[in-house]
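Here's the structure we're looking at; comments come further down.
Lettered A, B, C and D in written order, each chain numbered from 1.
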Amino acid sequence: MIRFLLRRLVSAAGIVMVVAATVFLLFYALPRDPARAFCGKLCLPENLKLLRHEMGMDLPIWQQFLAWAQGVVAGRDFPGVGRCEAPCFGYSFAKGEWVTETVLDRLPVTVSLSLGGAAVILTVGIGAGMLAAAKRGTWIDSLATSLSNIGGGMQIFFVGPLMVFVLSDTLGLLPRPRYTEFGDNPAKWFVGLLIPWIALSVIFYSNYTRLTRSMLLEQFNEDYVRTARAKGMSRRTTFFRFAWRGAMIPVVTQFGIDLGVLLGGAIVTELTFGLHGLGELVTQAFTNTDLPMLLGITVLSAGAIVLINVVVDALYAVIDPRVRLS
Amino acid sequence: MAEPLLQLTELTKHFPLKRRRVVVHAVDGISLSIGEHESLGLVGESGCGKSTAGRLVARLQEPTSGTVSYRGQDISHWSRRRMRPIRSEIQMIFQDPYASLNPRHTVGTIIGGPMEVNGLRPTERGIKELLEIVGLNPEHYNRFPHEFSGGQRQRIGVARALALKPRLIVADEPVSALDVSIQAQVVNLLQRLRREMGIAFLFIAHDLAVVRHFSQRVAVMYLGKIVEIGDRDSLYERPRHPYTHALLSAVPDPDPDTPRRERIRLAGDVPSPVNPPSGCRFRTRCWKARDRCALEEPPLVRLGGNAEGHLTACHFPEAPTTHGSDVVLDPALS
Amino acid sequence: MIPDPSFLTVRDLYVQFKTEDGVVKAVDGLSFGLDRGRTLGIVGESGSGKSVTSMAVMGLHDPRYSEVSGEVWLDGENLLTATPRRMEALRGRKVAMIFQDSLSSLSPFHTVGSQIGEVLTKHTGASRREARERAIEMLARVGIPQPKLRVDAYPHEFSGGMRQRAMIAMALVCDPELVIADEPTTALDVTVQAQILDLLKALQEETGSAIIMITHDLGVIADVADEVMVMYAGRAIERGTRREVLKAPGHPYTWGLLASMPHLATDPDSPLRPVRGTPPSLLTLPSGCPFHPRCDYADRVPVDLCSTERPDLHPRTGHSSACYLSQTVKDQIRG
Amino acid sequence: MATVVLPETAEPTVTIGLSPGRIAWRRFKRNRTGVFCFFVSATFFIIAATAPLISLAYGKNAHERYGYRLLDASGYPPPPTGGMSPEFWLGIEPGLGRDVFMQLVFGIRTSLAIALIATVGLMLIGITVGIAAGYLGGRTDYWAGRVIDVLLAFPSQLMLIALVPVVDSMLVGPEEATPTWLRFATLCIVLTALGWAGSARILRSQVLSLREREFVEAAKVSGASPARIIFREILPNLWSPIIVLATWQLPILVGVEAGLGFLGVGLGPDVPDWGRMFLEGVQYYHLDFPYLLWPGLAMLIFIVCFNLMGDAIRDALDPKTKGL
């Protein structure tokens, strides 16, 4: 297990580095020059040159990348700005802030949004799926299935405003989405994020309902579930002790994918609800041609996605003893 | 003696297992020959390497070492191009009548495929003739495999093998997936083809009774090795290897009155081919095993009292009869 | 209605499945009985309804997709009308089942020991510890070496033969009075098959339970069965003791099965004599005797009886075959 | 007498001579939800294809500012219907005063075109890579696998936004203005480039299992070339997963394309686009909810119906899933 995790972590780090390098290259393929943008409209050539040097842009690309990578691992000095300790993702000239600090500052918003959303998605999705499977063929099943079909057709930029319009503007049941630090006021934190969470779960839960339902029904046809029935196990026992575990494997896979999407793709969600998280930050970084910020967030998201994959693989082994981690 | 049609010499196939630095000894140095028009049965329990041997002969796999000679030429490492002139002469019938036919092709396309590949123009008439030969309705030419039962599908597989007029057919468990009554139909069909068309067979099976019906010579495999080979009557009536005895005694017999020949109940299963036992590979389940069996590998030789061509690999062979033994090694039964 | 005195009585059992192509009559009016300590062999080819029968006795058919009617009396109790709760109490305790494919029939997520032990916990309220002790004991009894280690292994770590032994241990842990073994040796090599059959016989001698042995292999029947029932297209076409059915079979289909099976005593150079044709589809059974399209002797029966009237087994026990051929004609044919 | 094998007498009862594909089609036709949804989805595509004709019949186009006189001082149409009238069926756009119905019709046209082209593109790459990796195995498989891993690790929304200007600049010089058709091409390319990995991975595993099937071995024994095996034996068996994957991908891409428009990297303000309607709708919805509602409902109906049709196709192709 430990060897497996180590090996997977090494390869995960490799993938993240490749992602970082790709973003780096892509950025230099961009038709925009960050130094010129930062320098302003009336930019003197010598100022531009100086700025380029300060930003480290006069070096060959691979050296710039190495310097960046070195910063992540060992920290790095920025002439005229100061020392940046590891893990250093660089200095945002556009914002005049340390990337690491800014990202850490915004991180709680995105994490609250994603993890809270994920919790709602899992509860609602798996719950509805199990209910539908247990009551197969009844109106409960039809309702859960139809709702999940409708959810599958929703987009966050439609559901979000719709819910705000209905739940806050028209009915006044919930306040408009707004982020409050959890430490400051947990209740406010919770209420403020409730609409985004529900909206996210409307988008994503349908996958889980369908998956849980169809996997459970498939499990009911498995020979070993039949054996359990032949041993005198009740329907309830077979459901929770036997069918459930087999059904969870694809659900875990799907959750791994979706959690990555939630964490790395909060852009649209945050824009929809006007939350100031990483998604908003990355769009700003993009318009400002702010490479360090962009890189920092990309690497963080890619890292999260890859780590989640490792965890998912390890979970397989916990769920199913046939999966060997070697 | 005339040159055999097929000659395997010290044929070996090892499969490396991924990640762990070990190999599966699927086939470990087998030598045998098949003459023209002859049917050789290859029997053994699952995992003994008999299917791999068949696939090596059909050139679906490259041997690790050793040679496959067909009509005196060593074809074991020939490329697809070089094989072309003789490709049509060695054909194969597969075990699973469901997996061995492409579900998206009609019967006509399936049977005509090999002809096309070998530059023969498949004609509707020719294919219909083949269908008739294998006992199918020629009007079913345009149907798809899913419209046929298991036995009928297996006949389509036979027709496909016949399409190229082969001289040797490797039949890999051709009847083991079929129902009893259908099984006999297909065995009879193959028997007729062998007689009428003079095709030689490498007949792979785990059912000793079927092999006895179909093959003139029989080889018994255990863990990648041939432990006994001989003419049918000699092998079935006067087996010498304890494993052959055990296999024969386990064959079910529907006649409740058959005098009990012998009763041998081996303990456990075949050991893993990843790490086969030293010396004689059967020693771990053998009731006659002694120290020597672990140290020395018994050679495959003709023992005193055996007919010509009847070879046995055993240090302590059994008496040449199938009567008398009553060995029980299974702890749960004693 | 008073059930027959025998321990298990199945009367007029029908099992039908609704499919998109129509209604499949998987079991079509089946009656048989079995006494304690005896073994009934049910033999038939795939699709003959033998497995469906065993599932019906166990009450394992999903009522949403199937319709089961008739009577299954076990020890004076009609299983088809028993409540689900009652059936749960009976399954595993009084009636147990051994399945064919041991790899898919054992849960891959639980250790062998816990799967054996939970039967005990469920039916006797034994503690975890007792259940484990008993599981080890059972594993030893079915001949699994090092049972104390193996009890914590998962099914995929066992070989096919060992898994089948573990399955037998699981079925027998509560000393059931009726054991249904559905093709328990089909996936196994002959040497292992012989081990398993011997083991089942030995265990039956110890416990005195009744066994229904379902198989397609007449050799297995000859080895273990006391009584035999031959099934074809969802019906019993012949019934009798092992000796009667195998030595003096009365139905052309049984003749065909025996003649198509090669064995070591027959002349290897004489061709096998298979039944011609293929089994009928259960969606559209032939009229009359379902076997008549494949039967070589239907023309020996007067006035097209075979293709119009369905022959039945003689309702009472004893050797009987569902065939219109008279005994004299049969003797003539069998020579 | 029964020494030779007699011809089969019992006929199989299945309808004769139908290929697996035609049987699946029959099964699909029996699924009423599936057929209904097929017609709904088809309607969307017909609307998309005939948008100029609809415009002609309706008498308005997507560019003209018809309704500015109907807007109030801050640019909103009269609530609560957003200016719906027999003249403007779905109301008028806040701010610019264009006709919403025409915006929607032409928006569907652009979005579906992009999604369709991208689906075809990513399926083509997915099929090629999947077959190459699965059939050739070895090194090809290893490197294809690594590329897929990396691609799936990219935060997709972010990469989509980042890639659009890069591809733009690769197609035209940095200082030139980007023409609409070019941005259209860019969107197709980007969606394809980032989307093929998933399909390739699934098809690869399909090819891996097909490769081991005995009918492929039978072809090998007859001496068939790898090309023949791929095209004659394997590819015909891949059509089912390919169709299933494509019907699964298309609605996702419609959503993603709309998301791009929503993020402002769409086709620009002059071209009607589903996604940009959302972008504007989200800005105005407090005062003009219908403007957000129409594209939202249209997309909801399209995606739900397309998905249900996809489910029906899946059931028709694989009857084992019946009743799930």
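Criterion: contacts are C-beta pairs under 8 Å (C-beta built on N, C-alpha and C of every residue); 3 or more make two chains touch, one makes a residue touch a chain.
Chain-to-protein mapping (UniProt): A = Peptide/nickel transport system permease protein; B, C = Peptide/nickel transport system ATP-binding protein.
What you are looking at is a predicted structure, and each value in this text was computed from that prediction instead of being measured.
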item: Contact-richer chain pair (by C-beta pairs counted) among A-C and A-D; value: A-D
item: Chain closest to the middle [Cα centroid of all protein chains]; value: D
item: Between subunit D and subunit C, distance of the C-alpha-averaged centres to the nearest whole Å; value: 52
item: Approximate Å spacing (C-alpha centroids) for the pair subunit A, subunit B; value: 56
item: Approximate Å spacing (C-alpha centroids) for the pair subunit A, subunit D; value: 24
item: Subunit D, residues touching no fewer than two other chains; value: 3, 5-6, 8, 10, 12
item: Per-residue multi-chain contacts in subunit B, two or more chains; value: 149, 151-152, 185, 188
item: Of subunit C, residues touching subunit B in the complex; value: 45-46, 141-143, 145, 159-162, 165, 189-195, 198-199, 202, 216-223, 242-243, 246-247, 256-266, 268, 271-276, 278-279
item: Residues on subunit B engaged by subunit C in the complex (per definition of touch); value: 45-46, 149, 151-152, 179-185, 187-188, 191, 206-210, 212-213, 232, 236, 246-258, 261, 265-270, 330-333
item: In the complex with subunit B, residue positions of subunit D that touch it; value: 3-8, 10, 12, 14, 16-21, 23, 213-215, 217-225, 228, 232-233, 236-237, 239
item: Contacting residues of subunit A [partner subunit C, same complex]; value: 136-137, 222-224, 226-234, 237, 241-242, 245-246, 319-322
item: Residue ranges of subunit B in contact with subunit D within the complex; value: 55, 58-60, 80, 83-84, 87-88, 90-92, 94-96, 99-106, 110, 113-114, 117-118, 135-137, 142-144, 146-149, 151-152, 157, 160, 164, 185, 188-189, 192
